[in-house]
Amino acid sequence: MRPVVLFARGRELPRAVLCGAVVALVAVALAGRALEVPDIRYLTDYSVPIAAVVPVAHAVVLGTALFSPMAVLEEGAARLLRWYESLHVLLLTAVGLVWTAVPLLAGLPGHVFASSVRNVVGFLGLAMISARLFGSGLAWLLPLVTVGPTLLLGVGPDNTPEFWAWPIQPGGNLGATLVAAGLWVFGLALVVCVGPRRSERDEAL
Amino acid sequence: MGQVDVGGVLAGGDAVAVVEGATVRYRTVVALDRVSLGFPAGVTALLGPNGAGKSTLLSLLSTARTPNEGSVTLLGQQAGGRARVRRLRERIGVLPQSFGYHPRFTVEEFVTYAAWLRNVPAGDRARRVADALALVDMTAYRDRRMRELSGGMLRRVGIAQAVVNQPELVLLDEPTVGLDPAQRVGFRELIERLGERSAVVLSTHLAEDVAHVCDRVSVLLAGRVRFTGTVGELCALVGDGKVDGGGVEAGYLHLAGGTDGAEPGEAGR
Amino acid sequence: MIRVLWSEMRRGEAGRVAPLMALIGALYLLLEDRAESDWIGWWADTSIVVQLFGVIVMGSVLAATACWTASRGQRDRTRPWTDTAARGGWSQALLLWASVWLWTLLAYVLHVVIAFGRTAGVSDEFAPVWEPLLLGAAMLALQIAVGVVVGTLLPSRLMAPAVGAFWYALFVAAAFAPGSGIGRFAPAVDEHWAGSLVPDTALMLTSATWCLAATGAVLAVPALARRPVVSPRRWGVIPVAVVALGAAAALVALPEKATPWAAAALQPDDPPCATTGRTTACLWPANRHLLPRLERAVADVDAALGPLEGFNRRLNEQWLDPGRVAGESGEFAVMTPDVGVRRLSRDLLAAAMPRPPEGCEREGSKAAGGLPDDFLLVAVVHHRAEAPYDYYGEEFAAAVEKVVTAPRAEQDAWIGKAVESVRGCRPLPGLPR
């Protein structure tokens, strides 16, 4: 058990969990609030519950736990690490879901929780994809690049979300759910099957 | 003297590791060109300038990569197939030229993690970690955090993680770089002790290390083997064959043509 | 120096992130529907949109990238080497900042080219507005500088996304608190100017000066705060800091306005106008490209109103001063630069409706289903013009039907009296029998 704990510690999972707790507390405080989409389009008037946006922060924090400073040693391991990488991703996702559920205690409506769950899964998938494409230090890149344009440009002139703006779709939207799930699956496949970029091999935290 | 003939492949039970006709290419660069070498028990040096292919050869021996052409046989088995590679890795120890570590891991935690990566059985793990730390004189620092260690201590911990699985083949990539003379002497003694129980392949460009520690040496230049034999045979290429750093250096420089990487016979150009 | 800068640009992460942001921005600008766009065709609003995307979306991400790049020394364990270099910390930070900012500017310029190209395809004139773009570039400089500073002083994996999130959150906070002053010091201009407003050049240049000077001053902070590093010379930092403080003081002192970053455009001597019969409508010069459509819309409205008296026959785009004109005038707004004839006709017709005098509150009437009775007049006139109007229930619809099914002469008479009633703040006349 201890080496598995070292595996998780080596990826700074405890730090990610703690930071996620702070984000969850903020989400609890803002549980009933809506984030007005800024008027970059001037004509729109659309609000997105905070709890649907906070998952981005969870995903970005959890994405920092995709980096291992011992990649060089792990590359030459006799042990099949893919299973552990997969479990690690599942654990990250579970942590994200738990932190996403915390605002329920503060009366978060169920439909908002549904969109939060979808978003934490989807943004974590983006973080994994970003980590493998750009390096784990840039795991935040695709989630932030997605959420910015989505919030600011993702509402059409008819005051409904654009088809591509999956994070701000209502909680039961099937297409958005499939996109989020697909991103997560793709991200998991990349993490498990593709090793970290060579430039990360000797990095410190 | 002209170019030394390389025969160099040891057959049968002498060799712990054998590389036959190995070629490795990185895009358009040929890092290793039809290299054939055998590594018996004892300490074998890979000597050569930067970019000669030493680290690439070590990566073949550690199963970190496979050659584009040729074959690698380790501990009597062809190094191919995922399951076989994983089993071979349980019997190989590697000290990379540089390795990352979690700064807040203690020395013991780091070596324990390495033992786990090498599939050391759980029941034996604590004892093997203790033995590895004792071998490198780091027992007193087992609870020290990695970020608090000096360069020499880090190298010793690196060797500890390389031998924690009691490997039959130990690969050391530039193990004495950055150490002061006293630390280097201590390392040589450590490597000699390793050589008594495992086959050790030592990649270095320090002639003194070769002279004091190694039984055999292979000289790599521009991805090709220029010499393989005993250290004494290398020293005998030039001069009286006295085995010391100067002799190794002279022999190497003779092979290299007086400049790094130059073809033999090109001295003075 | 150029070679070193180029080397830094090649190895930094901004070389990968900026093209991604360039692509996203380009897609956003290219895929915008021209017919529904609120900027394609208006040079000022075009600049605002490019600036806004650059600052809010691109700037936040590139600031995070700069933070990550700046923490490289910690990750690669080269900090002891860079800290003890002869070249001081300030110039090292400036080099790193410049490498990220230049990549960002390349993406920014691409967006400018695309956006200007789309607007040139609609507008009759080539009159790019530069002030918002300059301000945006200056703000990008400040955002990236903050990223560099945070990455240098707090080199943790968590800080890079935190920097990006900080900028997003700051812009959202500024939008929620327009009078707080955040907007002047972290400018992200989000206003709709159409043709009637022009940039407040003095304010924008002052804010840009603040951004650039603050950039220089902020980048000196790590060199001042970290002991091993060679500190910058005072004669270098102090002037920059003084300029920053001066610009900040000016920003505080400048008065607040309803449209913070704009000033009223000068009234044109000869605005583009269209006249048919008794009806005339005029536009701001920036909407000159709409004149052909305006002519058709004016013809529609004139035909709909016919000989009816009392309506506003001189119609001006919002804030366009009609000057001394005979007859009543009304105002209409052009909401999108590529507005269609139908929408123009509707807006002109609405502007032609008589308005009650100031202070007059019209009460709900039974005939209008409880609504103010001037709604009834609007609905009747729109019905006659075959233009859409709002439905307010069966009772209201019945009242409209009663008027429009009466003989024409009766309708005209009723409408004439209704107009007088509205202007005189009196109840509408009874419906025709």
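Note that the chains are named A, B and C in the order they appear, and that numbering of residues resets to 1 at the start of each chain.
Here, contacts are C-beta pairs under 8 Å (C-beta built on N, C-alpha and C of every residue); 3 or more make two chains touch, one makes a residue touch a chain.
These numbers come from a predicted model, not from an experiment.
Note on connectivity: the fewest chain-to-chain touch steps from subunit A to subunit B number 1. The most distant chain from subunit A is B, comparing centres defined as mean Cα coordinates. Chains joined by the most contact pairs: A-C.
Subunit A and subunit B have centres, each the mean of its CA atoms, that are 42 Å apart.
The centroid of the Cα atoms in subunit B and the matching centroid in subunit C are 65 Å apart.
Taking the mean of the C-alpha atoms as each chain's centre, subunit A and subunit C sit 32 Å apart.
Chain contacts: subunit B has no residue touching two or more partner chains.
Within subunit A, residues 202-205 each touch two or more of the remaining chains.
Across the complex, subunit A meets subunit B through its residues 2-3, 6-7, 9-10, 68-81, 201-205.
Remark: subunit B residues 62-64, 86-90, 94, 96, 98-103, 105, 109, 112-119, 125, 161, 165 touch subunit A in the complex. Across the complex, subunit A meets subunit C through its residues 12, 15, 19, 35-36, 38-43, 57, 60-61, 63-64, 67, 134-138, 140-141, 143-145, 147-149, 152-153, 157, 202-205. Per the touch definition, subunit C reaches subunit A in the complex via residues 13, 16-17, 20-21, 24, 28, 36, 38, 49, 52-53, 56-57, 60-61, 64-65, 68, 74-77, 156-158, 160-161, 164-165, 168, 171-172, 175-176, 190, 192, 335.
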